[in-house]
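Consider the two complexes below, in which chain A is the common component and chain B and chain C are the respective partners.
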Partner chain A sequence: MTNELEDVMASHDVPADPSRRRLLAGLLTAYTASLIPWALAQPAPHADRGAFTALSAILVGRQALDATQTARLYDALVADDAHFPADVQTLLTLINQRQIDPQQLQNVLDTEHSPLAKLPRKIVGAWYLGVVGSDEAARCIVYETALNAVVVADVLKPPTYAYGTYASWANKPI
Partner chain B sequence: MKRMTGRPVPLLALICVFAGLYAGTAAATDSANTELLQRGQYLATAGDCVACHTAPGGKPFAGGLPVPTPIGTIIATNITPSKTAGIGNYTEQQFSDALRRGIRADGKRLYPAMPYTAYAQISDDDVQALYAWFMHGVSPVDTAPTPTRLPFPFNIRLSMAAWNLLFLDSKPFTPDPGKSAEWNRGAYLVRGLEHCSTCHTPRNLLMAEQSSHALAGGEVGTWHAPNITSDANSGIGGWSASDLVAYMKLGHAAGRAQAAGPMAEAVDNSLQHLTATDLQAIATYLKTVPAQHDPADTRAVDTWGAASNELDSLRGVALPSDPNKMSGAQLYDAYCASCHQDSGQGSFDGGLPSLFHNTATGRTHTNNLVMVILDGIDWPADGSGVHMPGFAQTLSDQQVATLGSYLLKHYGNPAAVISADQVKSLRAGGAPSHLVLLARLALIVVLLVLVAIIAMFMRRRRREAIQAEHD
Partner chain C sequence: MSEQLSADIVVIGSGIVGSLAARRLALQGASVLILEAGPRLDRGRVVAAFRNSPIKGNWMSPYPPSPWAPHPIYVPKDNGYLKQAGPYPYPAEYIRAVGGTTWHWAAMAWRLVPNDVRIKSLYGVGVDWPMSYEELDPWYQEAEELIGVAGAPDTGSPRNQPFPMEPVAEPWSMRRFRERLAPAYAVVANTVARNSRSYGGRPACVGNNSCQPICPVNAQYLGINAVEAAEVAGAKVVPNAVVYRIEHDAKGRIAAVHYYDPDKGTHRVTGKTFILAANGIESPKLLLLSASDKYPNGLANSSDMVGRHLMDHPSTSITFYADEELWLGRGPQSPSSINTLRDGAFRSEHAPYRLDFTNISQVLSVTQDLIKEGVYGTEFDKQLRWRAAHQVSVKNVLEVLPDPDNRITLSSEKDAMGIPKPEAHYSIGDYTRRAAEVSKADFARIAELMGGTGLRYSAEGNFANNQHITGTMSMGNDPKSSVVDGFGRTHDHENLFICSTGVMPTAATMNSTLTGIALALRTAGHILPKPANAHAAVSNAEREASLS
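Let's turn to the complex of A and B:
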């Protein structure tokens, strides 16, 4: 946990001018801040990226996110969809204002036929599978540190990584 | 009838008694023989005779393995007890002379590719046991391998007599009374049967071991036999005795090193079969071998590097169309990461080693790193087979160089370098030796000097004769 927080602190896009330094807290309301209290002190030099960090954290339910990975996923998502930053801002504002329970968010958007309904799936997919884009345009942006690997890393290794000695993968399972 | 019946009884009893006695002595002799043969077999295993005297896939000890040396290829001979093709006609004395003095039964000299300079240390008792086993425990094979043919002047075997005068200490091992029995046993094995110095001691221009640099590291074909002296940085000074025993028994010591190349062969054929007591003795002795320090080793060779990766540089990025332009991280990801894991940390159970804190990446001498990438690690003898696959058929010279440099930068000694030319040369079997040319040049020089001396001598004689006429 401490390490992960340090990773977040060591964000690669800390502003050159400290007077322009903003905190993620500025993008959150009391309600969303209560969902991700760790994020309050995080630098948010760029409002769009900051909103993505906050929304990602709310959606994937993690108390810390690696800054480099956040930036790489964000860049890939923006490269695919120029509206992505604005959509993120809109959805974050929606959650801020309506105090939507993250567990109910997808339901709410689906029921209301919101144009933002695709957004949570896209963001959670990027974080959990590490894949951005689809079909021909799909890119694996992260693999070993995609959350589907991280949440089980105490027991499992990502597919193709060996557990034991050379050729132990040919042993019959117990 | 009474007499008739009376006599056979004691006779029968006598026969029974003698038969019993005979059977008793025979059993005692048998068990003594069995014990001698078993000891001989153990000693032959310790000496790793099989490594050179068996061709891949060939019959044990039937010879035929070409051993590349700087003076040409030497073909190992048949040392089965075949009377036509092997050493079946050798007396124990002849066997001992071949083993400890480098002299064949026909009086010709052996080349010191046969480590008789080390075997010279073997005790008479052990020679006897070895002789018994080679004569009675090994199956004769009646096929003789092609004889060794070295280029001139090395084809003159008698030259080895002069070499032996210079470099052969033919006295068997004498224990040092000031040291423990364990140390002496270790010294006896290391200097004698295990012939560690054959590979691990550097050689001079005449291919003799430099005793002043004992076990400081030597060259074995394309491999480098590392420093195994007690130096803390260059050698095994930082290893515990149990690290050393584990290495010899299992072929690896966690967080330090693993055996590859000729050393994997030595563990596979020989060291892993030694008793725990003997391995412990070897470790005890090695820990006392005088330190030989290489100034290039600014810290212990098994303490470099840390877990790290460049995953961010390669995920989501297409591979270059030219495979030779792949980055070190891309090559590592494609060929190494599956086993050594994304950050070089090795597998959960330690069965696949970490690449940091590993002598494979911690030395400035990088040939072994290239060789293990090219050849992998194979243990054919004990049946465990491939421990690491080789990539000689998969990776180009440039790819091995790029990958090797990535490994050194992340996990090893960052001052070490690997070049594509180095990989190319090692793949081809190493840089050619100039010893044959050197020897021939030396002979020409000697010849010219002789001619000059004779000419001077003759001129002086003539001048003296003319002077005498004038007088």
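Let's turn to the complex of A and C:
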């Protein structure tokens, strides 16, 4: 398969083998489905990516995630940590079973000294900063479409991109 | 030895200061050779490197050091180039590349205030400069017209000629500071080398908000612009030429300099006049490295003052949430300041300071804060928007007095080329610390006037550094207490001049670059005097260029 074809397929989250097609609904309970109702009918190429998509949506409070970006971040997170898929499945199961409010999640994990305590920050950091890995192993996967740029895109441009014509910044922002 | 180079004027270092001196001398008809330790960079690649950097809050990340000409890096980990002898850390940052450190700067192009050059006489602290502010005025003007400075008249620095450009348009956030802090504080536009209209063949600012680490559109004057101007004037630049020794003759005149290429091949460059312009750390390092039997303490160092009197501008700060949406990040990064505390009778008791408002987008820092706090779900977006709209920060820029114990020396450690690394000995004195304490009242008042909540002062005793390296080769009239005279000529070597912010005898409260350039132009004018109307001639040329 060419790289281009892989990209196209990834961008639509279509599995290479349609018989392996899954819907995220199968990975969720009624509680988590209520957090991300859009996801119920979303396809995922495999359970691991599906779990990542679902957990990402819960953690970043989104009803939709760009499939290409999901694939790129997932691949980078797996490359950074081989245990990442299993950890994601475990955390999603935990949230499914115990119906943990995303607002309370970090507190719960910290209080219980969970080995998964670092996982939410890794995922949220990947989505909002576009960065995967830490210290010298850190890599920038996305910049302009990192969620922290998207969230403020109606007011600000990512640094290095022109705000507008000269003096356009003198006006009231909103 | 593969080749022999020679020129009338040999300049060591291709930063904005040395390159503009080189340009002036080349225009006068001298053959000029600029030796630069680092490589030539490409603006587009620097922009791409920043966009691809995982550590965008660190403005050195798009400027990795080259193995043959390392510079200090601290993030993600200290590369150990600038050794720290303490007691207080001095984590200076600079860039060894063609164009030097002003590849990334805020383009603040401040003049001194007149009393800055007389603090010993007026306030009994520090030292006086060997010149008056009035003597500097025409050189400031020449520098401002060369690099294209936009500024407001009410900053405390008088002038005989108008600024080349009107102030850069005020961002909404700064307008609100100005309106709400009046009359308690006068918030005025910063004096900057940033175009408020087309000037010098470069465009007006379009608000990329990445002045540091890189202006992508060439609206902000950078050292590389100075290099290119020097080349147009006829100067030749040799990149990747790591000067490791300055050679003198029996009479103490400089005969040559020696450099390594990246493969450690050696080259000898002869000349009539030599200008050392390799910044306030690398320049004294090179003078100390060049010790000989005749000059066992290093060149230009009969006073033992080379490397001493290291100064910079430490800062403390406050960050808070204003009670209205200001959305920092629209327009340039450093638009406005409060200048009224830069001088006064209090200077006999504590340091003066400038209060500086940032307009750097807060999006990155508040995202990092929210991640650290473990905020997830729909709350993240809400918090991110609210904080990015409301979070503001103000810092002081504090004067440091010259102290001979604050100094750059040679480390026992060597870099990859076998050249000793520089070592910083630094502390922040009570004069500066008292001012930091005093300025807390200003921080509190500013926060109050902006309806501030969530006030966060920088940690007690912690000072951020501003990379304004000054003092290490101070100028003065007395050869026993200074390294160069008032024209930048070393007291010890007739044909060795220093062009650097390192010749500034005191640090005052302004970013040092413009003063460094003005002094360098004055030095160049001393080496090769121009006709009496030289300043006007340069101004007219720049005006014509700005209209083209």
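Definition applied: the second predicted complex is superposed on the first by the 148 of 174 C-alpha atoms of A that agree within 3 Å, B and C clash if a C-alpha of one lies under 4 Å from a C-alpha of the other, contacts with A are read in each partner's own complex, and residues count from 1 in each chain.
Rule of thumb we're sticking to: contacts are C-beta pairs under 8 Å (C-beta built on N, C-alpha and C of every residue); 3 or more make two chains touch, one makes a residue touch a chain.
Quick caveat, the model's predicted, so the values are computed rather than measured.
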Scan A:Arg139 for contacts with chain B and chain C and give back first, second, both or neither.
both
Quick one: classify A:Tyr166 as touching chain B (first), chain C (second), both or neither.
both
According to the contact criterion defined above, which of chain B and chain C contacts more residues of chain A?
C
Which partner chains sit in contact with A:Leu59 here, chain B, chain C, both or neither? Use first/second/both/neither.
second
On chain A, the footprints of chain B and chain C overlap at residues 139-140, 143-144, 157, 160-168
Per the touch rule above, chain A residues touching chain B in the complex are 68-69, 72, 76, 130, 132, 139-145, 157, 160-168
The answer for chain A against chain C in the complex is residues 35, 58-61, 101-103, 105-107, 110, 120-121, 124-125, 128-129, 131, 133, 135-136, 138-140, 143-144, 147-149, 151-152, 155-174
Any idea which chain B residues touch chain A in the complex?
311-312, 315-316, 337-339, 341-342, 347-349, 351-352, 385-389
Which stretch or stretches of chain C touch chain A in the complex?
47, 50-56, 76-77, 169-172, 175, 196-197, 204-210, 214, 216-217, 325-327, 329-331, 361, 363-364, 367-368, 370-372, 374-381, 384-385, 388-389
